[in-house]
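Paired with subunit B in one complex and with subunit C in the other, subunit A is shared by the two complexes that follow.
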Partner chain A sequence: MLEKIKERKGIILVLLAVAIICAFMLRERYLALVLCFICINIIAVTGLDVLFGYTGQVSFGHAAFYAIGAYGSTLLTMNYGIPPAITVILGSLLSMIFGIIIAFPAAKLVKHFLSLLTIAFGQMVFMFVSVTDSLTNGYSGIINIPPISLFNYTFKSNQSKFFLLLVVVILVLIGKNRLIKSRIGRAFIAIRENPHAANGMGINVRYYKIMAFAISAFLTGLAGGLYAHLVHFISPDTFMVTQSQLFMTMLLFGGIGSLSGPVIGSSILVIITETMQSFVRYQMLIYAVFILVVLFYLPNGVVGIMDTIGAKVKNKLGKRAEENAKV
Partner chain B sequence: MIVQLIIGALMIGCVYGLVGLGYGLIYKASGLMSLAQGDMLMFGAFISLTFYKYMGLPFFVSLFLTMVIMFCLGMFIQRVLVTKLLEKGAQTVYVILCTISISMILQNTAMFTWGSNVMQFPSLFKTDAINILGYKIVPENLMALGVAVVCMTSLHFFMTKSKFGTSMRAAAQDELAASALGINVPAAKGASWGIASMLAGGIGAVIGPIFGVYVSMGAMIGQKGFAGAVVGGYGNMYGAIIGGLFFGFVETFISAYVTSSYKDFISFAVLIAVMIFMPTGLFKEQVME
Partner chain C sequence: MLKFEKATIKFGGLVAVNEVTAEVPQGAIFGLIGPNGAGKTTLFNIISGVYAPTSGRIIFNGKDIQGLPPYKINELGISRTYQNINLFKNMTALENVMVGCHTRTKAGLAASILRTKKQKEEEAAVEKKSLEILNFMNLSEKAYYNASNLSYGEQRRLEISRALASDPKLLLLDEPAAGMNGREKEELTEIIRKISDKGITILLVEHDMKLVMCVTHIICVLNYGKKIAFGDAKHIQNNEEVIAAYLGGGLDV
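Entry: the complex of A and B
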């Protein structure tokens, strides 16, 4: 047991540092809200990572699933009085169903056309939600969405919401880890690297691609539902194409195909967004420059850079050990 | 009324067609996708507005200058950004992302330079509507249509009859063989991106008087142009024009006779249906792996 702790020294130190930072941030309402946003984006971007990082299917319309989860959960809770804890799950399931529907044509298309299909889908959902006044109240949005309550405790304060979201994030990350290390995860990676070779090895590419879409849609829809019950207000503005681009930016910045990539990407970008509130006009420009910087200098994201640095450090340590051994 | 509808549909269809043409040109020449054409259109509209309104140059001079500037911009993006990205071994998806960020930068630059309000062109013609065969037609519509048709025909002749155009088609077909024959393949690729931006900017300048000029005018048009290119067969120039006209007509007649708030929704639904059932488009281009 002690050996395991020694091995994972680095990660435990990082977690401790993060815990201390969180403890400081939680003392203030606004900072706790920022932490909640980070958690929600971690869940959503993890969903995108399952699709793009692990099966290589690009999606520029993921805000659609975010919207379906959010509106699905909201409408079920406000029109039928079902407790929010359940509607969040139902909203995610609805999002998953749409993911499966979209996956059927999407699994067949080459990357370029997949991007267009996902953009078109994202636009369709956005337009449907904006224009169908009778159902979704259109551009005015829906207000007074109730908070989540479990076992007679209502999560009303930002701090309590953070702990709930933290639990969900941990569950999601554990689930993703198990998924990646399982047969399914290996199939995903094989499909990402070379779909034809994967097919030749007997992997049912179509089936796994659809599964990836389903899982991805479920996770992002879950994030959407949690978002609705976090801020108690949703409107079509949140689900425009810019949100899809933001998810992509977070994923690429953090590093695709990794466990901590979405976490790092979401944290840094949410913090940047919040500190830039006074520069809202420059927001899109800064994201655009961010994307360019990531594309040109950080193709594997922050995680990639850390891996490169880690490899170099180990290299040097290995050389030193070798010299000591010779002497 | 139906004559106005047809002229309007033709006009917006030609706009979508030219934008889609640009997308197809880029894909055929370099195998990459660009999502920035819509914003090239917007940028061209703003530039020509600056020339026409603030510098007082005659309209066709400002149109010509706009097209030259947009050509240089397109060529610059290809030669500097895209080539560098590809040298680093980036996948094609990253190039798409690069064009998305270029479109965001264009939008923001336009917003900072010209503001986020809708800007109006001073009127080009002295009359509001001219009478042709008893129907009242807005002359700006006809001019847009005329410019679009001129662009398309001159592009066709350039590509088929001129030396550089033919070498561009050769480079698009097979890079290695073309460069073995002494064709300057990087210049051809850069020129194709430049021509795509030039067409988008030019048609943006021409529809500025009709719709007004504002920062978000390009986004929808870009996506519908893309949709038109897909419907016609992605990569095929003539297919893009036909696809654009198709969407122009679908949109105009649906918003006139059925519903105008869902018109974009229906256009995208048609696109998704086409991608599901007929992804190779009308002219049967390769789209699946």
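Entry: the complex of A and C
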């Protein structure tokens, strides 16, 4: 119950912050674009969190699902003329199918074996989109991807795209919150905490591990599709292994296994990336520093630090109240 | 209710459980004892599906269960606790018990995300039932504590609570009194009796002889993987082979 209130408070704070930013950005095109990127990364990192934060299955290949969502949606809409609003969903489903396929071997693996498998999968998808010129136009990428339209309204301007993405983010976060607070969410966490005991308590560990992969791949695929229709251009460069590492950095920095972790991590890292555009060459170096900071000082990410501070403040207030009561 | 027929398991050359045949009657508190390394926990692990027996059969309510995975065995109505505590440490006591309800609930992915009326009702019922179990096990005050913050004895009781959540017909307790002090042991004896009164059959592995002798109806003694004695407490206490196994054989006493 307490946790519920805490999680809700996170959502409310984030929404407030977003509302304030909205008021400022309505005139700023560039700022709107940055906010769009934040939204897309929140969706992708939330997907990664379902897998890593809740069932404890690590993935260093999530750029693959991002790519499948992006290329799937793009190719379906450009080759078959299906409206983007539908192909984004189809692309996510395609990504989910790949997630399930990869989960069959992956659900048997743990730790470094799983890391290696996901890295290999990421590399396979990257190579596939890079070399199949006839389908994906290879390294040159695909241009002129149409924007999403809904009910005769086309989301062309950055502002309108941002509001669309914001709605998707809110839906994704609500869905994730509900999932985590259900018996399925408890099964996920039980598997992370102790797979043997989870199995003994009647949880089909393999089934739920595969389900986590499917949900995770769906969300990250969704982010990929939305990305393609946001920037109207995709090329293999976006889906390199560095992208997977970026997702992981965002998640670890924000805090794993929480609702607000991916939101905080994505926001901070996107803003840092954007403000340091002139140091693009050093981007990976900056991320590496972030990972080191997390490893040494923030094992539970920014969310963990905030929780610790919150608990300390509460303790102090409690003590003061006690002292006052004594006097 | 639960029958072993020549249950055998070999790890390489070691025969950990050797052709054990026994029957646990419905409603009994059945003790499984033996010196260290006698194969008690291994037999437990065979029943709960962690290991498949090399040969022999395990029959539960007329159904062969050997080789089934643990989650299916739990679904059939056999629930267990662990010798070295295996709780979900970062979940609250209540959540631990709620996880235990898993097999008795149904809500799927879509129902959970859409929060259908049925799913909400089920969740409320699960929470109510879990709180009742915690209350039954004298843990209701600790319901919202993280499992890792409970004392040792409380963690042991929480393990039993979690096992009870799946409405088992047979409860397997693996050394529940290990590390408990005298008062906690007395409390545990009470709890085991209370669970038995609910009509749940109990299979108990325990080193504390006082507890075993006072709480169980039937005892099976294992040594080096073989059954060496079977019967009630009095019979076991006077069995020469059992005395030899515990005190060391070879001497004429």
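In this section, the second predicted complex is superposed on the first by the 309 of 327 C-alpha atoms of A that agree within 3 Å, B and C clash if a C-alpha of one lies under 4 Å from a C-alpha of the other, contacts with A are read in each partner's own complex, and residues count from 1 in each chain.
Here, a residue touches a chain if its C-beta (ideal position, glycine included) is under 8 Å from a C-beta of that chain, and two chains touch if they have at least 3 such contacts.
Here the structure is a predicted model, which means the values were calculated and not measured.
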Per-residue touch tally on subunit A - higher for subunit B or for subunit C: B
When the two structures are overlaid on chain A, which partner does A:108 contact: first (subunit B), second (subunit C), both, or neither? first
Please work out whether A:287 is in contact with subunit B alone, subunit C alone, both, or neither, and reply first, second, both or neither. first
A:197 in the overlay: touching subunit B, subunit C, both, or neither? Say first, second, both or neither. second
Of the partners subunit B and subunit C, which touch A:19 in the superposed model: first, second, both, neither? neither
For A:248, is the partner it touches subunit B (first), subunit C (second), both, or none of the two (neither)? first
For A:205 in the superposed arrangement: first (subunit B), second (subunit C), both or neither? second
Applying the document's definition of touch, where does A:187 land relative to subunit B and subunit C: first, second, both, or neither? second
Overlapping contact positions on subunit A, where the subunit C interface meets the subunit B interface: 196
Applying the document's contact rule, which stretches of subunit B touch subunit A when the two form their complex? 27, 33, 35, 81, 84-85, 88, 90-94, 96-98, 100-102, 104-105, 107-109, 111-112, 219, 223, 226-227, 230, 234, 261-262, 264-265, 268-269, 271-272, 275-276, 279, 287-289
Subunit A contacts subunit C in the complex at 1-2, 175, 178-179, 181-187, 189-190, 193-194, 196-205, 211, 215
What part of subunit A is in contact with subunit B in the complex they form? 58, 60, 104-105, 108-113, 115-117, 119-121, 123-124, 127-128, 131, 195-196, 241, 245, 248, 252, 281-282, 284-285, 287-289, 291-292, 295-296, 299
Can you check the complex and tell me which residues of subunit C touch subunit A? 48, 50, 69-71, 74-75, 79-80, 82, 86-91, 95, 98-103, 105, 107-109, 112-115, 119, 122-123, 126, 144, 162-163, 166
